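Per-chain residue numbering starts at 1, and chain names A, B, C and D are given in the order in which the chains are listed.
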Amino acid sequence: MNINKQQLADLNKTNLKNHQTHFDFLAQSLSNSGTDVYALLAKLAEFQVAIPSWALGAGGTRFGRFSFSGEPASLEQKIEDIGLIHSLTQTAGAVSLHIPWDVPNDYNAIKELAALHNIKFDAVNSNTFQDQKNQKESYKYGSLSNTSAAVREQAIAHNKEVVEIGNKLGSKALTVWLADGSSFPGQNNFQIALTHTQNSLISIYEDMPADWKLYIEYKPYEPNFYSTVIQDWGTSLMLANGCGERAYTLVDLGHHLPNTNIEQIVSILMLKGKLGGFHFNDSKYGDDDLTVGSIKPYALFLIFNELVYGMQNNPQNPELGWMIDASHNVKDPLEDLIQSLEAIQEAYAKALLIDQNALRAAQEANDVTACQELLQNAYRTDVRPLIREARLRHGGALNPIEAYRALEVRKNLINERGNKTVATGL
Amino acid sequence: MNINKQQLADLNKTNLKNHQTHFDFLAQSLSNSGTDVYALLAKLAEFQVAIPSWALGAGGTRFGRFSFSGEPASLEQKIEDIGLIHSLTQTAGAVSLHIPWDVPNDYNAIKELAALHNIKFDAVNSNTFQDQKNQKESYKYGSLSNTSAAVREQAIAHNKEVVEIGNKLGSKALTVWLADGSSFPGQNNFQIALTHTQNSLISIYEDMPADWKLYIEYKPYEPNFYSTVIQDWGTSLMLANGCGERAYTLVDLGHHLPNTNIEQIVSILMLKGKLGGFHFNDSKYGDDDLTVGSIKPYALFLIFNELVYGMQNNPQNPELGWMIDASHNVKDPLEDLIQSLEAIQEAYAKALLIDQNALRAAQEANDVTACQELLQNAYRTDVRPLIREARLRHGGALNPIEAYRALEVRKNLINERGNKTVATGL
Amino acid sequence: MNINKQQLADLNKTNLKNHQTHFDFLAQSLSNSGTDVYALLAKLAEFQVAIPSWALGAGGTRFGRFSFSGEPASLEQKIEDIGLIHSLTQTAGAVSLHIPWDVPNDYNAIKELAALHNIKFDAVNSNTFQDQKNQKESYKYGSLSNTSAAVREQAIAHNKEVVEIGNKLGSKALTVWLADGSSFPGQNNFQIALTHTQNSLISIYEDMPADWKLYIEYKPYEPNFYSTVIQDWGTSLMLANGCGERAYTLVDLGHHLPNTNIEQIVSILMLKGKLGGFHFNDSKYGDDDLTVGSIKPYALFLIFNELVYGMQNNPQNPELGWMIDASHNVKDPLEDLIQSLEAIQEAYAKALLIDQNALRAAQEANDVTACQELLQNAYRTDVRPLIREARLRHGGALNPIEAYRALEVRKNLINERGNKTVATGL
Amino acid sequence: MNINKQQLADLNKTNLKNHQTHFDFLAQSLSNSGTDVYALLAKLAEFQVAIPSWALGAGGTRFGRFSFSGEPASLEQKIEDIGLIHSLTQTAGAVSLHIPWDVPNDYNAIKELAALHNIKFDAVNSNTFQDQKNQKESYKYGSLSNTSAAVREQAIAHNKEVVEIGNKLGSKALTVWLADGSSFPGQNNFQIALTHTQNSLISIYEDMPADWKLYIEYKPYEPNFYSTVIQDWGTSLMLANGCGERAYTLVDLGHHLPNTNIEQIVSILMLKGKLGGFHFNDSKYGDDDLTVGSIKPYALFLIFNELVYGMQNNPQNPELGWMIDASHNVKDPLEDLIQSLEAIQEAYAKALLIDQNALRAAQEANDVTACQELLQNAYRTDVRPLIREARLRHGGALNPIEAYRALEVRKNLINERGNKTVATGL
């Protein structure tokens, strides 16, 4: 199924006048207080978030999985799904592939299909947390950190292969998320595990094309429940520094202990020029992988405040890779992704509204009340008309969820694909 | 210092036209989607939050306290401070007294002063977490739960005295927060401690006037660091049930373990008709006692969603007692309280905007995407014009923080009271 | 494979003399300080823990599962596995069945097999957290709390059927663990969900035979990540009270928010006569389902201190149902269970060593130092000789793990069952 | 008050025979399994822990403080108190001074007094978290990170002065714990705050004598409740690296978010040669500053496992500075410290019993069950006879708490000092 611009234009008609009224009012109001609304619209339009190829079907937990109908059964169908989201939102212009679940059969065909949907190939992801059929060595006790040289070499080779695949598609970064760790005290020698990991990463890093970046994730626990080799940003940064200039830390919002101040981590990494990318999701307890902004939207705004600051003030930090990494256990995956994209745009737009000069002045003067007022003034602004306008100008839907339902996208996908397809992924 | 209506009217003039434009636009927009804006304004105006008498000076931590100038040095000055906040916000029409810090010398004079400022006497608070000078028994090892009958009796007598004082002022409820617990495993016999607590509470409860309510707080830890006798809502409810019909659980937002779903607790207590009151504050780590809405405003909104639902659907639950319980370590206490009041009104106004019928329908249909859209639509609305309008109609300030600063309230208080006064409290 | 007493007697010979020396020394030492060692040995021998039928194969996470060789492929083989553990440890004399994974084909045959291994049928467990093939209604959005009456009725009927099956085998209790809850704010109406759950539980409860007990578990999150209908002990107790006298709360050690004081919950439930059963495991982060005692053995000891106190002082509380509920992701499941059983016995033995009279006296006197000394004196005692002696006297292995390896149990199971069997379960 | 060796020898007589029996039995048993008991006793005797000068009086919380009688009122009395503990335990041979609370009046006299008690001067601690009387600038909004250059300079100068004082006494390290941070989002510019902190630390570091070390603490929150400038080990390490070779990270056990794997942090810091010192305490919720080993003794053992490994395998890491940092809210401070010292020795002794070669072999083979057995075998050993023997050989008390009470130390201190002295400190 494809959605064409005319369909959306027709759907938008109903709400257009109402939207125009709201947008004009907000634009006027923002202009009055000195905001360049058109620059802001341009920034919103530029901001594109990659959709991971494994997040287009229903997710599950260790207690089971409730399938969703019309799931994509092939890489082609996954790209088609992202195309649908991109048509509606105009912010999902990239895909982040997971290997080996999504190895293309025909590279040219896949590249053409993606181009047709205006989708780029973002960072590629390796998988050494599961054993694949006919795999020689097992990752049960770790991959890049394993005590066995044979296992480490297999895992290194797999990562190199992932880079090779990504390179053929135009990707420029490898994301490494390691499940390596231990579930019981004493199981691991922490120092040996870290040293193996560092050496393995160096081997992968040195094999990458010269214009590639390496993103190193961290996570305190799960699937191991006592220790994780790369447990926090400090460890990730240490490893990135050990690899070289083009190795960076990647922050996944769900990969932190309760109450961690994530925005401070983001800020310090940018100061050091070492924040590479971002995995968006939301959570209440652990790595819950919920819809972005569904639980702690203010924390997301505070993180974007630091991101915006860093993008404006930290030339030492490279352009960031943005990606959603969520699991869709109870919602239609495409609806869930659309809600995530809107929450990201909302947080970004609000962060752009912060009066940075006034904030800096209030901070210098330790005027804590004023600092809070400045953040809250931006946050309390209803920026939906801005986001809608940005979408509208690029041919998207005024209200993507409404459009998705009006166009009966899911019904069409089920008709095309059937009820029983199951997408590879988590 | 007093602020009169004319001063505020003059100050409001500057922003009045701009406000009017925004309010009209929002009112029109809300009316179009079926909201009765005037009913909503009435509800906002009715909503009054008590200010605790101990929260008008600078707060501190175990590492020390940085004083603030112009703090109130007497109960009279505390009421004057609340009067100032109430003038500006029109939502602080009550005081919650802490005994023995704020025992009136002249009851009639205090009642007249409060009436002058349009301030009522809300729940009174006892203190058995500290020893007072010349106190016979010590609360070092607990009060209502102490192994010593003499200590328990002293604590019971103190609570009865607090009720008596409150009764003279027109209060109708006693709030009991117990610090009782243990700092080391083995220190307490949990069963004996709970049984003593239950019996002590019954003794206090039975001595209260027939129109009084008893609010029982719970808290997992601090100042004891291993166990607290009333560690959670389940224990508080058990004790309230053991006392009788007019005993209720009081929820303080900061008194929960990390990640607790507080809104569910609120909802279930209202279903059972046992939610008595509420202490507002915000926190990131523990009982941080920060400005309401400064850390997790969406969680506050979700709590208000349940409160609004309960107030509309649970006649079995009594009217709730609302109070702020925060500590002002780095901000001017009055500015901090004003920001808290605004955050409370904002959350309440947004919760009132939720389309409850549509939400119920989406819940019944398990349309999770729609449930989220409905909540977020309300939350993303900028309700500040509504709150300003409600204030304006009752003679308050359009922007209380701006007015507070324009009127140089703090400077005036310092002039009147001097630099070195220290308010009793935490 | 079976292990006979002679095999174990032969194996025990090697360490027997050494054990005897250690046991005699400890027994003498304990007797000197007034402990009745033989009464203690009798208590240890009596203490039997049920093994859940789903925990005999490798466990996994949402990121995958690494299989283990020689897993049991049928209920018969599961009972055989428990028989092996029981032979070695003499403390695993019960099985807790999970329905529908382990419905017997031939009840008499299964009962005979269990009797042969000296294994009783403990509480039976229903499953409404997954959809079974050909099931009419789906539990995706809940079971006993579902908004749909048809789903609730199906879930109730399933529970009734589980009771029926258990009854044929001699079980006397039903354990209900509900995954019901919501993953997003707004998804659930908390009050309606709880009311449905209460009514469903009453329907199940009233259908149970008169000598059956109902155990109601609670859990704050997972597999739902925003709310769980039965989120804590307070909710579970409320539901149990709503059902009747034979309904109880079941505590699973992993089902708590970070830092919860579980021993206090245990103590208060026993005071109220409402603690029904116990699920043992250990965890560092969430419901990690690790080997009992592998992470927080002192906390386990503190819990046993309360259990021992309750068993001695709370006649109002019924005999407790003990069960292990762990997941074996990286260890041989049988070795893992043996380690869990040893940790349970160790905690129990140490708790039995606490000088309860001296502790009560120190508590009454608020001699906190002495309270701690009394607990730590018991905890620091090396009780392994006691546990070994208790096993020895009942024909078990002095060192079960060593014996398991010496007898090459896993190798034998693989020979019998093959490499590729997969046990049903988590 | 002083305790002389004869007094202790007399007291020890009562339990001597019993102790000898237990020690001989354990020594024989350990020797049989290859442990060099006398080497182990020597290590235990060598291990000395500094007592902080602020932890000899009652501690408190923001809710108040319950004084303890006979508290030391001067630095001399504090050293006398440590002398008492050292006499009894033979493991408290150092003091860690806090400036400005404990500035000596007469350096020679203090050095002589300390020498008399066999007490060394360990790391000195600066205080920039409180304002001292007549201090020019306030630390309310931070010290080394303050936006004001004047405040930063004052804080730097204070630290330099602390080094100077310590140098006169023979100290060789400065411990910097910064309370700097923010209580509200927006209050701080994270990047500027960190940069100021780095520059301030460099200024202090470069002024230190060439044989001094700088220890940099980290802490996630408290007394600031939104962010702390040095929030975690990653930040501390970054700052230490920015200062130079003799700057190190200091780990305080209570300064971590819930569930942090501290032993892994310790291990990685030693691998990098950057672990400088250690603050012992225990906690259940936050920085509770409870008696060492009173809540999570197994975690302490796991940490010591890494420390022992590092001391044996990481020559790149310097000798560590050991210190207790606890608060005595409900116990006699001296009894509390004695219990802490015993718990430290116990964890150390047990860690020394781990069969490191077997553990390494089991780790290499991924024999997780065996790894756990090896740790638990060491942990389950009752090492109290070893610790008693080590004390006995150096003239300490077999049972320090019993001796402390038999000698009526507190009563004597009250007689000497009176009831109303209050020690400076927290």
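Please note the rule applied: a residue touches a chain if its C-beta (ideal position, glycine included) is under 8 Å from a C-beta of that chain, and two chains touch if they have at least 3 such contacts.
What you are looking at is a predicted structure, and each value in this text was computed from that prediction instead of being measured.
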Required minimum of steps from chain A to chain C, each step between chains that touch: 1
By the contact definition above, name the pair with the higher C-beta contact count: B-C or A-B. B-C
So what's the Cα centroid distance for chain A and chain B, whole Å? 39
Could you state the distance in Å from the CA-based centre of chain B to that of chain C? 43
When you check chain D against every other chain, which residues touch at least two of them? 140-141, 182-185, 187, 220-221, 226, 258-259, 261, 284-285, 291, 294-295, 298, 330-331, 368, 372
In their complex, what parts of chain C are in touch with chain D? 22, 25, 29, 258-259, 261, 284-285, 291, 293-299, 330-332, 335-336, 339, 346, 368-369, 372-373, 376, 379-382, 384, 401
As the complex stands, chain D meets chain B at residues 59-64, 66, 129-131, 138-141, 179, 182-185, 187, 220-223, 225-226, 258, 283-286, 288, 290-291, 294-295, 327, 329-331, 426
Per the touch rule above, chain A residues touching chain D in the complex are 140-141, 147, 182-192, 194-195, 220-221, 226-227, 231-235, 237-238, 257-261, 263-264, 267-268, 270-272, 298, 302, 305-306, 309, 313-314, 359-360, 362-366, 368, 371-372, 374-375
